[in-house]
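You will see chain A twice below: alongside chain B first, and alongside chain C after that.
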Partner chain A sequence: MLLFILLWPLLASLVLFAFKPKQAWVIAFIATAVELVASLVLVIGFDKNASATAAIDLPWITSLGVNFALGVDGISLLLVLLTTVLVPFIVLSAAKHSYTPSFYGLVLMMQMALIGVFTAMDGFLFYLFWEIALIPIYFICLIWGGEDRGRITLKFFIYTLAGSLFMLVALIYLYFQTPGAHSFAIQALYEAGRALPPGEQSLVFWGLFIAFAIKMPVFPFHTWQPDTYSVAPSQGTMLLSGIMLKMGLYGVIRWLIPVVPAGVQEWGLTAVILSVIGILYGSCIAIVQKDFKRLIAYSSIAHVGLISAGIFTLSSIGMQGALIQMLSHGILVFGLFYGIDIIETRVKTRNLAGLGGIRNVAPTFSAVFTIIMLGTVALPFTSGFVGEFLLINSVFQYRAILGVVAGLTIILGAVYMLRSFQQAMLGETNTTTAGFADLTGHEKLVLFPIVILVVAIGIYPDPLLSISESAVSNLLLIVQDFSASAK
Partner chain B sequence: MNFLITLIPVLPLLGFIIIALNYKKMIHGVASFIACGMVFISFILAVVVFLQLLFLPEDQRAFSVTVFDWIHTAGFSADISFLVDPLSSLFLLIITGVGFLIHLYSIGYMHDDAGYNKFFSYLNLFVFFMLLLVMGSNYLLMFVGWEGVGLCSYLLIGFWFKNTDYNKAANKAFIMNRIGDLGLLIGIILIFVNFKSINYHEVFVNAAEVDPSTISLIAILLFIGAMGKSAQIPLYTWLPDAMAGPTPVSALIHAATMVTAGIYMVARNNVLYSMSPAALQLVLIVGLATALFAATIAVAQNDIKKVLAYSTVSQLGLIFVSLGVGAYSSGIFHMATHAFFKALLFLGAGSVIHALGGEQDIRKMGGLKKHLPVTYLTFLAGVLAISGIPPFAGFFSKDEILAHAFAQSPVAYGVALLASLLTSFYMFRLFFLTFFGTPRASHEVMHHIHESPKSMSVPLMVLAVLSVVGGFMNVPEALGGSAWLNEFLSPVFAPSQGILELHHLEHSTELGLMGLVVVLTLAIIGIAYFRYVKGNQVPAAEGTLTGVQNAVYNKYYIDEIYDAIVVKPLFWLSKQFDNIVERLGIDGIVNALGGGVVKGSQVFRLLQTGSIGFYIFAMAISIILMLTFFVIW
Partner chain C sequence: MNALLVICGLGFVSLLAEIANFKKLLTALVVLALVAAIVLGILDWGTPRAYYHDMVVFDNFSLAFTALLCTITLAWYVMARSYFEHQSHQSDRSALMIFALAGGIIMVSFNNMAMLFLGIEILSISLYVLAGSNKSSLFSNEAAFKYFLMGSFATGFLLMGIALVYGATGSFDITKIYVFVHDHGDTMPRFFHAGLVMILIGLTFKISAVPFHFWAPDVYEGSPTPVTAFMSTMVKTAALGAFVKVFQTCFTPVQPAFLIIVQAIIVLTLVVANVTAVYQVSVKRILAYSSIGHVGYILLALMASDGSALGVLFYYMVAYSAASIAAFTVLQAVELSSGSTGVDSFNGLYYKNPFLAVVMTIAMLSLAGIPPLAGFFGKYLVFAKALEHHYVVLVILGVVTSLIGIYYYFKVIVAMYKKETSGTTPTQYSRVLLVVLTLVILALGLFPDRVIGLLIP
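For the complex of A and B:
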């Protein structure tokens, strides 16, 4: 089943080229829907206590000790689920933009790479998928992006690629520490990493951390992000912010913390502080943005900062909060960017100063957007609250003062979200927004499930939390065992 | 019983969902029927639950119901579970009872508003969250209600969303409350860290085992939340602005229920507060300062709703005084009577505004006595009640607070007394300027003047009756009463009594104080009468005020000060981050570093001008080839 989930989007992307644009859209949607069903089957059959061992483990490049090893535990499964849930919505949301079949091909290819990243149980394979994921999104942004896309996407490409090189070096270094004929198998790399003296662990830590930090992005590695999010076509931004940035967070959980626990203990505080700075910094800059999309881009830096801070507390409450928040953030940013996409296609601007009064003419759109906004400001009984509460809780337990500073996000978040909502939606209509049409049936089809998810996860998060519960405690056990044996 | 208790909050939620999903098509009458009906049934259920409690032996007066597991992970657990004890039961009665009356009133008040259905759906949603707030059996569920009512407050303040000022008032309310909420949230986390639980029961039982300074910190953090929600210094400035909302909202949310959430919270946590003299002291000082400060502002306001808003801030301060001296049940008593008479006063003000076609300036009113007889009489009941004239409701409840303050410290008593006297003054000033003297409204307005419809006047009458007799639920022993409410609430506050010794006054002292307050109040009313009825004085126009008058009229420029020391610096800092740190600093370094690479990459870019379809195809094929090749190999 896992192999099918990985390869199905790839196969579908090949078939797509035989079709006309409109048909390609339909085929892409069907393919991603099948993918979603397949992943749900995986979830239903999932044994919550399974540890992260490879379900598929085929010898691949035997001379290098590379295996084609895939597996899922609760942590991977949640991220696979996020991918398979969001991609069909992203495809659906693309309907109005008459994209060519190759666009959908790229999206599907991207999906394949993301699933690969989240399930790879071999260091080489992980790196391979990590890089493959960059290529489709690069083309999506380059071809269908906005003004000045060439320069900006190139910067994005090079920045993240440069980051990945650090990871590659770190992985190869670890590889040579493995015993015997060397291996990229995850367990072998874990053992090699943990056997390193603390000083070398710190070096490996930085190699891996920089790659992940750029992807998320964590302050101060974030400057590619606002430009790229702004210039990318909406569906590209959704892929980037909804799913792709979770690669970085996932990387920290799977490929950093268990690999170099001593390095993480040494530099964890630094990482948490950088993350918390990002919360304040991103929120503050979001407050003064005039471009709605750019505002959400900066708010995303703030939200990711909190998630990353929670992960680096190395506590189960922080990890669990991070995982549920990754899902919630994915759903919410999709909703936000789709909302902005709807505004932009209707009135050809997303400049807040030029908007206003949309609620008068599009009450349903406004109501839906309100709920998504409430999720973003983490109102209780929306998906955003569960994660944010657990995360602030974890950071507070880690260092009380950092918890309080991180908690400022609930105030600043309200400031930029309510202000921008007011500017865009409330007040009197102007000449730009007077003819703003309310949601079409198609748009409702996309947004209503999103809104339902936002509320449902907020009221009953337990099923999702329980998926990753034991995987998280297994992971932390490794860290605890390590520090116990170090003493 | 469990099912009935669960239904109490669920019914208004159901009402909200039904109306919200059909708000475009639904006939107005149906929407308000559903909304009122749901709250009314909740009220009946609340009465049933209350009676059930009464028949139980005193030490067993509590029901707890667990509905489902909410957040349950990593050693943390919060359930959706309810606790109904005497304290929450009293709040239930007020929320659903007064809430129902205000729903009823809204039928008349909102009848030609285009957002009629939306209004009723929001009201029902509010009632749902408010019920959660007081029924939750753990801190996090209280927090859900706490933020939920904040949301409804935001939605209803900005109800007329075409008006940018109203929207700004709504934003201000939400954001200012969020500041308080952060304190509350951190407090809850600190509770979890120290108690490994966030259930009231476990926290209160184990409170003695936790370090007292931690308890103090928790109590203070929780109180920061109360400062926001219950509009205390320094977080009160949102409440006067919140008057932008329709008047029934001001009555329900910003007078009778939501703003009492902070009072509920402190009373609920009485054990923690009693253990912490520092926290109680803070509550007392903030309460005193707010009570007096807001009362002085109210004296100089000319907008009928603004006067009532500052009055609410001041009265809430007085209630916190009561909590601050450890007289929890007296505070709850005043909360209850205040809910009656302040809801009445707001609804009465709404009736006046409605009759005058939207006019809110008392300088343009006057002489309405004979045009609006029902409003006049019921308003009078409210004014007498808030002024503390015996035997109206406010007399008993305010008197208890003053007596407890006196027992604690003469300074506290002096300040509280002054605030009370100011209250009588500005209320009668408002009353006389509105209903007495010669009409100052235009002929056009006076021509259209009309008494409000039944759906509005009936709630006024019911609330007037409650404002008259409400005090009898807790007649003090000094007057030969049995202090029923104190008895009823005693199981909730019993644990505090072992910790905190309340000073009790001799009955003769208490009677003497009562006499003094009544005489002084009557004198104040006399002054107001001579100024505004005999003297026919009307507050001067803005331009003619002297320095001090100007400062008071402009609310001591507190909004402007906050703007200068918080809002402007935040925006300035954000702009510096955006323009300098971000663009020149961080990104500047990145670009410089990457400059060489970027130049080199221009060459690489030239390779990518072919057909994109080809690239994808080639990529997919090569991946497949790679996979198969290596597997075979």
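For the complex of A and C:
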């Protein structure tokens, strides 16, 4: 099943090139829907107590100690689910842009790589998928992006690649520490990493952390992000912020904390502080943005900062909150960017100052957008609330003062979201927005399920939380065992 | 050995083609003979044998490189069809190309310094003529002249070095030199070391590593594009094979004597080639500097002197040559349609001919070392090999220069996906060749194990 989920998008993307643009969209949607069903089958058959071991383990490059090892535990499964849920919506949302088949081919390749990242149980394989994920998104932004895309996307590419090279060096270093015939298998790397003295663990920590921090991005590694988000086509931005950013967070959970626990204990506080700075920084800059898409890009820095702070507290509620917030953020940010995409295609501008009064002419759109926005500012009974509550709670228990600062995210978030909502939706209609048409049937088809998901997760998050519960406690057990044995 | 004989015979036959008037058959003949040479090389696999009083030895290393050189030439021949067919002197050019290949095969299979010298000369003299084969172009003449002057200078160094080493050890035979050096390692006379450094300089010139690279960009740019492709793939592979044979066999006992020089060469090559490439506006020159830069990475793997680097070298050369020939094929097609090799002439290629653009993209990504393509594993193996021998600083430098490399390879990619287009659509290229090369790049990336394992004893 797992192998099918990994390879199906690749297969579909190759088949796609044979079709005409109109058909390509339909084929891509069917392929991603099949993928979603397959992943749901995986969820139903999932044993909640499964640990992170390889369900599929084939020899691949034996001379380098690389195996084709895939597996899922609760943490991986949630992210696979996020990927398979979001990609069909992203494909649906692209319908009106009449993209060529190669666009959908790249989206599907991206999906394959993302699922590979979330399920790889071999360090080298993880690195490969991590890099492969960069290529389709780079070309999506390069070919279909906006003004000055050549320069901005190249910066994005080199920036993230530089980060991953640090990771590669750290992985090779760990690889040479494995006993006997060296191996990249996850357990071997875990053991090799934990056996290192604290000083070397710190070095490995930084090698891996920089790669993950750039991908998320955590302050001060974020400078590629706002430009890339605004220049990318809407679907590219959805992929980037909805799913790709979670690669960095997942990397921290799977490939950083269990590998170098001593390094994490040494530098965890630094990471939390950087993340909290990111929260403040992102929120404050978002407040003064005039471009709606850039505003959401900066708000994304703030949200991801809170998630990463929660992870580095190394507490159960922090991890659980982070996981649920990753899902929630993915869904919400998709909704927001789709909303902006709708506005942009109708009135050809994203400038908040030029908008206004959309609620008067498009009440349904405005209502849907309100719910998604309230989710973003973490109103109770929306998906955003569960995650943010757990995360702020965990940071507060970790260091009260940091918790207070992190808590500002809700207040500041409300400031920039409500301000932009007011500017775009409320007030008098002007010449640009007077002819704003309300949602079409197709757009409703995309947005209504999203709204339902936002509310459903907000009211009853338990099923999702229970999927990852035992995986998270296993992970924390590793860290506690390590610090106990160190004493 | 049989492969070498076939190639030499082919050279003479193709010289006769003009006189005996069977030029029409020549293309088929060349292809057939090259395939035959590859097959003969593979048939000899695993049975090392020495010929002519140990002048040449065909062991697995030589056979693998012989087959590789013939394969590269075959692919190149398909690519360069227009260079042969639409212009005059078809048989002369074929013969020169074939003789260059014969020289290359000798360079990877010699067991005697005299044979090394002969191989290099056979290769170089053919190339001097090929570089100037576009007689009406001033640049082509300049390239030939420059190449010849600098080349003969380097050959002088090499010859002097061989003579000095002979004076110290009393033999041209590299196994005998090895034994002598091994036994008298500490008491070798000064002029032996001078000879060693001179051989190093002569060969460094041939593989165009910095600081002996000054001829390369001008010669590469001035020569006809197919000849440039030939020089940066076939010739480079042969020269590196010779370099490895000399410095991984007969001089290993005195490795400390030249290691520091090789390290300096690596640092210079990586930095100078990659930084200079950033400022180039012609794709042909970018590829020229990139081919210099790749030498730096290969030499990095050769810092490991235990022979385990041979597999890495072979893999790297296969990956590099496949991507280079693909890139040159696209470059030639673009040059034929737009008359220029500038980065601008690639503008909007994706919208004019998506097939060419995608192939070029894959070639560039592979050369830049992006996973999961062949070029990535090449670089990965090099870095892992160097880390294994604790050359951490050099590896960090290599990583940084790879990042710089991405910038100039992506200059071409970004140009191809620009919306504004210029010029006509390129049409003259071999689709089959490009598909095959792309598949090779992908397959080597997905299943690197077989090729890496080929030369590991």
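Assume the second predicted complex is superposed on the first by the 487 of 487 C-alpha atoms of A that agree within 3 Å, B and C clash if a C-alpha of one lies under 4 Å from a C-alpha of the other, contacts with A are read in each partner's own complex, and residues count from 1 in each chain.
By definition in this document, contacts are C-beta pairs under 8 Å (C-beta built on N, C-alpha and C of every residue); 3 or more make two chains touch, one makes a residue touch a chain.
Since the structure is predicted, the reported quantities are computational estimates derived from the model, not experimental observations.
Undergrad: For A:Ile287, is the partner it touches chain B (first), chain C (second), both, or none of the two (neither)?
TA: A:Ile287: touches chain B, not chain C.
Undergrad: Looking at chain A, does chain C or chain B touch more of its residues?
TA: B
Undergrad: A:Phe176 in the overlay: touching chain B, chain C, both, or neither? Say first, second, both or neither.
TA: second
Undergrad: Classify the contacts of A:Phe448 with the two partner chains as first (chain B alone), second (chain C alone), both, or neither.
TA: So A:Phe448 meets neither chain B nor chain C here.
Undergrad: Check whether A:Ala414 is in contact with chain B, with chain C, with both or with neither, and answer first, second, both or neither.
TA: Once the two structures are laid over each other on A, A:Ala414 reaches chain B alone.
Undergrad: Tell me the contact category for A:Asp462 with respect to chain B and chain C: first, second, both or neither.
TA: first
Undergrad: After superposition on the shared chain, which partner residues are touched by A:Leu165: those of chain B (first), chain C (second), both, or neither?
TA: second
Undergrad: Figure out whether A:Glu131 sits in contact with chain B (first) or chain C (second), or with both, or with neither.
TA: In the superposition, A:Glu131 contacts chain C only.
Undergrad: Does any part of chain A touch chain B in one structure and chain C in the other, and if so which residues?
TA: Shared contact residues on chain A: 60-62, 102, 132, 135, 139, 142-143, 150, 154, 158, 162.
Undergrad: Inside the complex, what are the residues of chain B that reach chain A?
TA: So the residues of chain B touching chain A come out as 24, 68-76, 140, 143-144, 147-148, 151, 154, 158, 161-164, 167-168, 170-171, 174-175, 178-179, 181-182, 185-186, 189-190, 192-193, 570-571, 573-575, 577-578, 581-582, 586-587, 590-591, 594, 597-598, 601, 605, 608, 612-613, 615-617, 619-621, 623-624, 627, 630-631, 633.
Undergrad: Which residues, counting only chain A, touch chain C once they are in their complex?
TA: 60-64, 102, 127-128, 131-132, 135, 139, 142-143, 150, 153-154, 157-158, 161-162, 165, 168-169, 172-173, 176
Undergrad: Please give the residue numbers of chain C that touch chain A in the complex, ascending.
TA: 350, 354, 365, 370-372, 376, 380, 383-384, 387-388, 395-396, 399, 402-403, 406-407, 410, 413-414, 417-418, 447-449, 452-453, 456
Undergrad: Using the touch definition up top, name the residues of chain A that touch chain B in the complex.
TA: 10, 13-14, 17, 58-62, 66, 68, 100-102, 105-106, 109, 132, 135-136, 139, 142-143, 150, 154-155, 158-159, 162, 220, 222-224, 281, 284-285, 287-289, 315-317, 319-320, 357, 359-360, 363, 374, 379-381, 386, 389-390, 392-393, 396-397, 403-404, 407-408, 410-411, 414-415, 418-419, 422, 426-428, 459-462, 465-466, 469, 472
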